[in-house]
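Please go over the structures that come below.
The following pair of complexes shares a single chain, chain A, combined with chain B in the former and chain C in the latter.
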Partner chain A sequence: MNSRVSAIASNTFREAVRDRVLYNLIGFAVLMAGAAILVGQISVDIEKLVVINLGLTAVSLFGVIIAIFIGIGLVSKEIDKRTLYTVLSRPVQRWEFILGKFFGLAGTLVVNTICMAAGVFLAMLYVTHKLQPSDASVLAALYFIVLQFLIVTSLALLFSSFSSPLLSAVFAFAVFVIGSFSGDLREFAGAQSGASHWVAMAAARIIPNFSGLNVISMVAHGEPVAANLIFANTAYTFFYAAMVLCAAVLIFERRNLK
Partner chain B sequence: MSAIEILGIEKTYSVGFWRKRPKCALKPLHLQVEEGEVFGFLGPNGAGKTTTLKLLMGLMYPTAGTAKILGMEIGDPRMKAQIGFLPEQPYFYDYLTAAELLNYYGRLSGVPAKELPQRIAAVLDRVGLAANGDVQLRKFSKGMLQRAGIAQAILHDPKVIFLDEPMSGLDPMGRREVRDLMSQLKQEGKTVFFSTHILSDAEALCDRVGVIYQGELRAVGSVADLTAKVHGKTELTWQGAIPASLKALSADAKVNGDTARIVIDEAQLDSTIDTLRRERCRLISVNPVRGTLEEYFLQHMNSSNPGSAPLPKSKNIESSQGASA
Partner chain C sequence: MKPSRSVTLIASCLLVACFAVSAMLSRAVNGLRPRAAIEDVLYLKSAKTLRWLSLGYTGLMADIYWTRAVQYFGANHFVGAAHFDQLAPLLDITTDLDPKLTVAYQYGASFLSPPPPSGAGLPDQAVAIVEKGIRANPDDWHLYQCLGFIHYLDRKDYAAAHQAFLRGSAIPHAHDSLKLLAGRMAEKSGDIETARIIWMSTYDTTNSSAIKENAATHLVSIQAMEDIAGLEKIVDLYRTQTGHLPASFRDMALANLLPGIPLDPYQEPYVLNSDGHVQVRHPEKYKFLERVNPDGSTPAPSAK
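Right, the complex of A and B next:
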């Protein structure tokens, strides 16, 4: 990462921290503490399953909300407030700005996820009194959640580069919901024939495969996550996010800042 | 080599939702600004000043034409490392302190990390914010923000500085400070290109000015050259009273002791002198009155566009009195 990209990334991270985005962790901590105590009282033998399910779903949901609501303003807010003028009048390329913003928000989400992950493990420890080696698969699930955030962040940036914040939020959230059911879409495409097969298949390929990145239920049931799945998901995410960022850069490069 | 060379740059927008139609924001503009020059870009609001600056900064793309700054194409990162820019009514990241803001911009401009702390301290001192370096910008007044804006524009010691309405919104004291700073920059050999609609600032600071109106550059020259083109007025002083026929001629007729004074249009000079001779007044002096940029503006902008509504002086062009009020 060059110095200009890292300067923009660290400024984006600082903005999120100073705008008290990480305060969401308080809400998450309350949720996890409440869940751990309540689950310990009402469930028998499945406390861990419930805590992992609830904890990882909350990590995912909190992170996606942050990724969308900060991501949609990353470019449009800088244009509206004209802070971008003093950045782009310097030796900063537009692609460096987009990349810096992406890394800044990704960094914020990673820090946020690490804090929430600690909360999930504490809640697990509270209900089971002891962590086991197999619990390491929770880390894989958390890693996949971070991969989801990278895709959501890149999509929010893409929409932010040409659309208003409200529309960007709607688009990004819609793509997230559809992407979460992309497995069903692929199954549907497989069951079709002719033109509808190709249309459904094309949609399934374009929409991000969030369902493939969701192993929460598998991990909660104590199943291990295969190494090749980790590699495949990593490669898929990096490729998908890179393509979306390229599209964002192409649009932003052509944009007149009125 | 010219510091700024604008070669027929122009900008046309598409307006309308269903039926797009072109709207010309800037007609082909040809202009050269020499190194070390302070150049004022004058025009009423909406004349095309900010559009020109945005095109030069690479924030907008021209429909046609190009420009060179320090001999390099606009958009060239090497060129951008040598220019500073203050946008109109700047807004900065208000969660940062002034020192953090300058540190951020310094890093973006490629200032070596070792030099940054000294540069930041020096530039904060220069713009009068030395005591506010660790204050968040959200607590700054408008004048302080403008100073922070100037600080970021000169932090990396650029050769050419572009300022868009640098005195806008400042109180008289703030305007004076910005003027002094611009004079210092000129003494340091910097090229300063600034847009303004406050004519007294241009008169006080500029080596040359360019006048833009409705997206078209109407005149370029020194302030003296332009004001010489103002349809002249003449001041006459004489001993004696003001004849009744002259009182109606000008509202500027005044008597001070036994001396009378009147300011009239040049065209009325001969007939006025004839009147004074007839009344046996002793003529003391006949002096041409130097026109102001404001008068130039009002005469030429309105006359060059007879079909349009005249420029409302108080709204579009601020004279020195209007601006300080």
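Right, the complex of A and C next:
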């Protein structure tokens, strides 16, 4: 990463922290502590399952919400505050600005996820008193959640590069919801024939495959995550996020900022 | 601007007062609302819809529905309800959302199967939910054990119980007791020894403290039932030898028929009635105590 991109990234990270984004960790800590203590009293034999399911779902949803609501403002806020002109008047390319913003928010989300992961493991330790080797698969699920954030962040940036914050939020959230059902869409495409098959298949390929990144139920039951799935998801996220960032750069390069 | 002290004080007092009033009103509203009207409603009956609404986070949704099933059963069981209409649908939705949630099949069946007030009295639906669990988790021998118990304890279908235990015993790493139980079902299904093996097997194989405790209570009751049957036989022997019933266990000990005053599993002396029947001193401690027939069988194996 060049120094200009990293400077923008570190400033984005600092700004997110200054905006009290990490305060969500308090809510998360309360949620995990409550789940760990209460579930044993209101349910039967699913304490660990709930801690993993609830913990990972909360990590994912908190992060997606942060990615969308911070991501949509990354470009528009700079334009509104006119700080973008100061940045671009220096020897900074527009693509560097987009990349810096992406890495800054991604870094914020990674730090946030690491803190939440510690909370999930502490809650697991509280309810089981001892971690098992199979619990390592929770780390794989957390890694997939981070991959999910990278895609959502890139999408929020893409929409932010040409649309208003409100519309960007709507678009990003809609794509997140549709992407969560990409597996169903592929099944639907498989059941169709002719033109509808190709249309559904094309839609399934274009929208992000968030269902492939969701292994929460699997790891909650102690099932291992295959190494080739980890590799495939990593490669998929890299190429998908890169594709979306390229689109964001292309749009932003052509955007009239006057 | 510095905040006014009087405004801060008044606002704080008002906040607390309003909170107290709203909490009281909320309680009053709950009291006025018909209890069953809300609890006996399945908000969403379709697991497919729930799957969509959960955005793919089906594991958490299944946990929520399982907790709802537990709460539904617990609340109705607590008030001694005779009908548990929503229990089977709740379990069905839970297991549709997470087919690997084996606890929902096992405990769910134990809620569904026993007759009221212990359970919903729906053994056929219990069998259906466990069979569904077996289809989704064919390598989990606990589910076959659970199925065998339902057939044995509540349906009294010993042939089906034999089949369930036999199928379970064929699974790699299945507990040895399944083979034993399959054999017992084929030979002598209704006797006290089979009941002992059933509950011993449950005690040995469960990880749940609640089920372990229940199995231990059953085993204690079975031990007392056997003791009582044995002591009553000795009472008969005493009567045959002396021509009258013993007044106490001491009389039987003096006649060299007992080594001393017999103690129950809780180390309390058994009580000898004037009619020659023996009973435990504190029957409330033995939830599952039944009389044993002379052939060693119990009137009905208890599934509670």
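Definition applied: the second predicted complex is superposed on the first by the 256 of 258 C-alpha atoms of A that agree within 3 Å, B and C clash if a C-alpha of one lies under 4 Å from a C-alpha of the other, contacts with A are read in each partner's own complex, and residues count from 1 in each chain.
Everything below uses one rule, namely that a contact is a pair of C-beta atoms (placed from the backbone, for glycine too) under 8 Å apart; a residue touches a chain by one contact, two chains touch by 3 or more.
These figures come from a predicted structure and were not determined experimentally.
Within the superposed three-chain model, A:Phe181 lies in touch with chain C and out of touch with chain B [touch as defined at top]. When both complexes are overlaid on chain A, the residue A:Val92 reaches chain B alone and has no touch with chain C. Residue contacts after overlaying the shared chain place A:Arg14 against chain B, while chain C stays out of touching range.
Using the contact criterion defined above for the overlaid structures, shared-chain residue A:Ser3 touches chain B, although it does not reach chain C.
Shared-chain residue A:Ile216: touches chain C; no touch with chain B. When both complexes are aligned on chain A by C-alpha atoms, no chain A residue touches chain B in the first and chain C in the second. By the touch rule above, chain C contacts chain A in their complex via residues 52, 55-60, 62-63, 66-67, 70-71, 98, 100-101, 103, 107, 207-208, 210.
Put simply, chain A touches chain C in their complex at residues 39, 42-46, 49-50, 52-54, 57, 60-61, 177, 180-181, 183, 210-211, 214, 216-217, 220-221.
Interface residues of chain A facing chain B in the complex, by the touch rule stated above, are 3-4, 7-8, 11, 14-15, 18-19, 81-93, 254, 256-258.
Every residue of chain B that touches chain A in the complex is listed here, in rising order: 54, 57-61, 77-78, 80-81, 83, 85-87, 89-93, 95-96, 100, 104-105, 107-110, 149, 152, 162.
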